[in-house]
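Two complexes come next, and they have one chain in common, subunit A, joined by subunit B in the first and subunit C in the second.
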Partner chain A sequence: MLSVRDLETRFVTRRGVVYAANGVSFDVGDGEIVGIVGESGSGKSVTISSVLGLIRPPGAVVGGSAMFDGTDLLKLPGRALRHIRGARIGFIAQNPFGALNPILNIEAQFANVTRAHGRADRATIRQNALEMLKRVGIAGPERVLDGYAHELSGGMAQRVVIALALLLNPSLVVADEPTTALDVTVQRQILDLIAGLIREGRRSMLIVTHDLGVVAQYCDRVVVMYSGRVVEEGPVATVFTRPLHPYTLALLRAVPRRGEPIQALGGRVPDLLSKPVGCAFRHRCAFAKPRCESETPEIRPVASTNPLGRTVACHLDVEREVPALAAG
Partner chain B sequence: MPLVDLRNVFRSFRRPDGSSVWAVNDVSLTVEQGQTTALIGESGSGKSTLGRLVLGLLPPDSGTVSFEGVNIAGLPRPEMRRLRARLGVVFQEPYESLNPRLTVGAIVEEPLIIHRPALTRAERRARVDQALREVDLDPQVADRYPQAMSGGQQQRVGIARALILEPSLVVLDEPTSSLDLSVRAQILELFGRLRAKHGLTYLFISHDITTVEYFSDQVIVLYLGRVVERGPTPEVLARPRHPYTQALLSARLSVDPTVSPPHFPMTGDPPSPTAFIPGCPLVGRCPLEVSECSKAPVPLHAVGVGHEVACIRA
Partner chain C sequence: MANVVQANSDAQSSPAPVAAQQRVAKPSRSGGFLRLVARRLLLIPISMFFVITFSYFLVEMMPGDPALAIAGTTASEREVTIIRQQLGLDRPFDERYASFIAGVVQGDFGISFFDGQSVRESIFRFLPASLELMVLSLSLAALIGISIGAMAGYFRRRAPDSIARIGITALQAVPEFLIGLLLIFTVFYLWRLAPPPVGRLGLSDSYPDPVTRFLFIDLIIAGDWDGLVSALHRALLPVLTLAIGTAAYFAKVSRTTIGAAMESRQVQFARACGLSEFMVLRYALLQARTPILTYAAILIGTLVGGASIIETMFAWQGLGQWGLASIIALDVPAIQGFIIATGLFSMLVYLALDLLVAALDPRVTHE
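Take a look at the complex of A and B:
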């Protein structure tokens, strides 16, 4: 469905060049929900913005490819990319009120999305919009269509954004922290809704999140990012129960559990003002070796789990050393 | 005697359009010395307003807020000043709560200049150094400005400032919500260590039930400005009786993919904060709702030792 290879994205700032994505590669298969997880500065949001052509100067995608249905999204001119985005790739942003136009009523926004990709008369647009709003669980869709974004609660507004993202029946949906701005009891409803619509439509989804619980409960595969690189990737069921990169292990251990001492990961993420040489995690890694300083670990398949498609970027003998670290 | 005692506190805010928001609606609660009491709720639950009422930063419309048995409303100025020195606060956004024109050292020193005028400059300096060390910062950061620091380091500066006067009560208002997972764990570990070392009393305001479970002795669950359930944290989270507490718990997503999330019982969004609600605030979203629920406010009643719930179906 989507195959990203060696993506490199940089930003030119007053403080220097920020190396935000440094050779990011991953795949999203047909009907798969893939989560990109990482902390701030990991490059997870930059990665999807790059794929969707949303990077603006002073940022630029300087290398790599993103193949979607036989087309390299990174090589498409703006207009062609805009046509794919919206029609074949739906996008759900973190803040629904930033995604909706405050001065157009909701019906006009359905009309704009429809007309940007084809022709339709008013009655058809309204009919389709009403149907979509019902599918995202909005009671009284007529009133919502005639109203404006500011009249909606956060949860309702995000439901409208989801309806717009799915309106043209895209095969891939990209979501950037789609519930982070919402209340806890609303988050769960929205996640259930999105996952249900993706599964039922046999669509694929790429979801960016900092929430390990969202990945564990809603995703098939996970891409763990650190400092603009993928450090581990594979099926959630095995990555989260038997992490192989020391960073993945540390992240899972940083979740507080009552009655257990908290296992905080020391230090902080490096700034990205110089192109990282060696493993970016080495300063915080209990197992770092001299080699980790000089040589950037390439992402490689893990021998014994290869049928499961796990990969990891680490110089350690991860299958032997990291489980030992987890146990001890 | 509890350290903090709120009795029947009401507080509303007037909005520009003339409507009123009932931020805190008949809340009574206590904070016991040496314990960590968590206020948990979503946006609009009134948890941050309660924090400001406890700190004396906001007067109640009615009801009393007492600290060590003394009603803080209408305290004469010198007494209020002495009281303020015994209350510390750590905010959610470390950067926004630190003055960008002051160095880290000046920020941490400021409460000493105001409340400890007898100290010499050298004595203040020594206390600042010690406070920075206690939050695992190198005292050399005193010469730096907060904008040159990471979010986690900024939050440590905020904690050093909150603790410099050795307060009796520290209000932690979502202190880890804006931090990354690995930094959040570091800060929680630090709060735990400082609590053990100084016997601190925390009022911990949070929307995150995982952190509340890990960190608190007592929990008070708020919804639309009212207490819906409270009690010892292990008891309330093991046997939640209010449908809202149950919903908060089942909204939590385990990081273990082999554990499937429990059925989520609630529908809809919280209502507009300006709406007048005559009965239970959960009416319209509750799976157990009956017609009596919307008629009159539901008082808290005991369901276990120290465990109270405001629900006629519980």
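Take a look at the complex of A and C:
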């Protein structure tokens, strides 16, 4: 479905060049839900923006490829890419009140999205919009359609965003932290709704989050990012039960558990102003070796777990050392 | 006052079933709107009282003696005293203030010290010309300025933006009269593309009957098409002069607001939905509309009566030219009338702006 290889994105700022994505690779299979996790500044959002062609100057995608159904999105001219965005790839934004247009009524926004990808008369647009709003669980779709974004609650507004994203029946949905801006009480409802619509339509989804619980519950596979790189990738079940990268291990340990003290991950994410040499995580890694200083670890398949498609970027003998350390 | 409603956060206490609960609160907009109009209209007399008082004291504190100015340097002491009595300047201060207020309330601004004309008459005679100049130059300025600003904002931090920024800064640094002089020198003197800057109509043209006192409209009413062409031709340079200077301000504010809107999440989402770049720019313009309109209103308020130098330079016979001449001549009633008229005009423009913004933005309620 989507295959991203060696994605490199940079931003030229006054303070210097920010290396936001440095050779990011991952796959999203047919009907698969893939989660990208990492701390703020790990390059999660930049990665999906790059794939969707939403990076604007001073940023630029400088290398790599993103194959979607046989076409490289990164090489596509703007117009062709625009026709894929919104039609074949849906996008669910983080904050619905930031995403929806406050001045146009909701119906106009459905009309604009529909007309961006083809001709349609008003009655058809309204009919489709009503149907879509019903499918995302909005009880009074007529009133919502005639109203404005600010008249909606956060959960309702996000349902409208989901309806817009799925309006043209995309095969891939990209969601950028779809619930972080919402009240805790509605986060679950929204995630259940999204996951349900994805599974039901046999779509694929790429979801960015910093919530490991979300990944554990809704995703098939997980991509762990750190400092603009993928440090570990694999099926959620095995990655979470048997992490191979020290960073994944630290992330999992930082999840609060009942009756256990929280093991916070010390240190900070390095700024990405200098082209990183060596492993970016070494300053916070309890197991760093001299080699981590000088040599950037390449992402590599892990032999014993190969059938599961697990990869990791670490100089340690992850199959023996990390589990041992995790145990100790 | 108009308030922007904050987006409600989701406050569903009990987890709702599959269908989210309806929480659509719709304030009645039309009823509230009329109340907003009424309230803002009521504020105008209060504000105007301060403007009137201010105009009175400002002129009162101005250095120079109008009686002396009228009598001239060779006049004797006695002559000056007589003039002072004629003008009523010998009466005590509070008495003059009270009668001034009483007059203004009745729409009487007094008689000019110099030409003996009713100040109110003069305002109504000169205001239409200024309005015509303002409307034409401001429309042109908005067209040029917003286009440049939108382009610069769209291509933020890229070549078109840098060029526009340099141009805007340069234009803002050049005084308007210099732009006017340069245009007169090139367009009139060198290229002979415009008539000489000596008034709104040529010597051979005849002025139409003052039906509306707006020259262009009166010419149309009179069916004097040659006169209209001549008047438009003569309006070219002053309109252009004022428009170029003003366009820089429009460009600056639209560049900033549209540039910021282009980077907003709203525009990012619009792009992610596959909207065309034209539509994306339209979304950004919708977002940037209010600040640009506000700026336009301020410019309208400033330009009526504030375009004195350009009006004088092109002998436009507008309010600004008249006001400037009155100030130089120490024509106290005329200056007071000028301040009150431009003050009232600005207030009405700001009122119109507030109502327009309230009508255009669905988020503004009128409680």
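Quick note on the criterion: the second predicted complex is superposed on the first by the 327 of 328 C-alpha atoms of A that agree within 3 Å, B and C clash if a C-alpha of one lies under 4 Å from a C-alpha of the other, contacts with A are read in each partner's own complex, and residues count from 1 in each chain.
Simple rule for what comes next: a contact is a pair of C-beta atoms (placed from the backbone, for glycine too) under 8 Å apart; a residue touches a chain by one contact, two chains touch by 3 or more.
Computed from a prediction, not measured in an experiment: that's the story for all the values here.
Touch criterion met: A:G147 reaches subunit C, while subunit B stays clear of it.
With both structures placed on the common chain, the touch criterion links A:Y19 to neither subunit B nor subunit C. Of the two partners subunit B and subunit C, more residues of subunit A are touched by C.
Using the contact criterion defined above for the overlaid structures, shared-chain residue A:D183 touches subunit B and also reaches subunit C. Applying the stated contact rule after C-alpha superposition, one finds that A:A93 touches subunit C and leaves subunit B untouched.
By the touch criterion defined above, A:Y226 reaches neither subunit B nor subunit C. By the document's definition of touching, neither partner reaches A:F68: not subunit B, not subunit C. By the touch criterion defined above, A:P57 reaches subunit C but does not reach subunit B. By the document's definition of touching, of the two partners only subunit C reaches A:R85; subunit B does not.
Look at A:F281: by the touch rule set out above, it reaches neither subunit B nor subunit C.
Taken together, the two complexes place residues 153-156, 183, 185-186, 188-189 of subunit A in contact with subunit B and also with subunit C. Those residues of subunit B whose C-beta lies close enough to touch subunit A in the complex are 42-43, 150, 152-153, 180-186, 188-189, 192, 207-211, 213-215, 233-234, 244, 247-248, 250-258, 260-261, 264, 266-270, 272.
Residues 5-13, 15-16, 18-26, 156-158, 262-266, 268-277, 279, 283, 286-287, 289, 360-363 of subunit C touch subunit A in their complex. Remark: subunit A residues 39-40, 153-156, 183-189, 191-192, 210-217, 236-237, 240-241, 250-252, 254-258, 261-266, 268-269 touch subunit B in the complex. Within the complex, the subunit A residues that touch subunit C are 52, 54, 56-58, 78, 82-87, 91, 93-95, 97-105, 112-113, 116-117, 137-140, 143-144, 147-157, 159, 161, 164-165, 174, 182-183, 185-186, 188-189.
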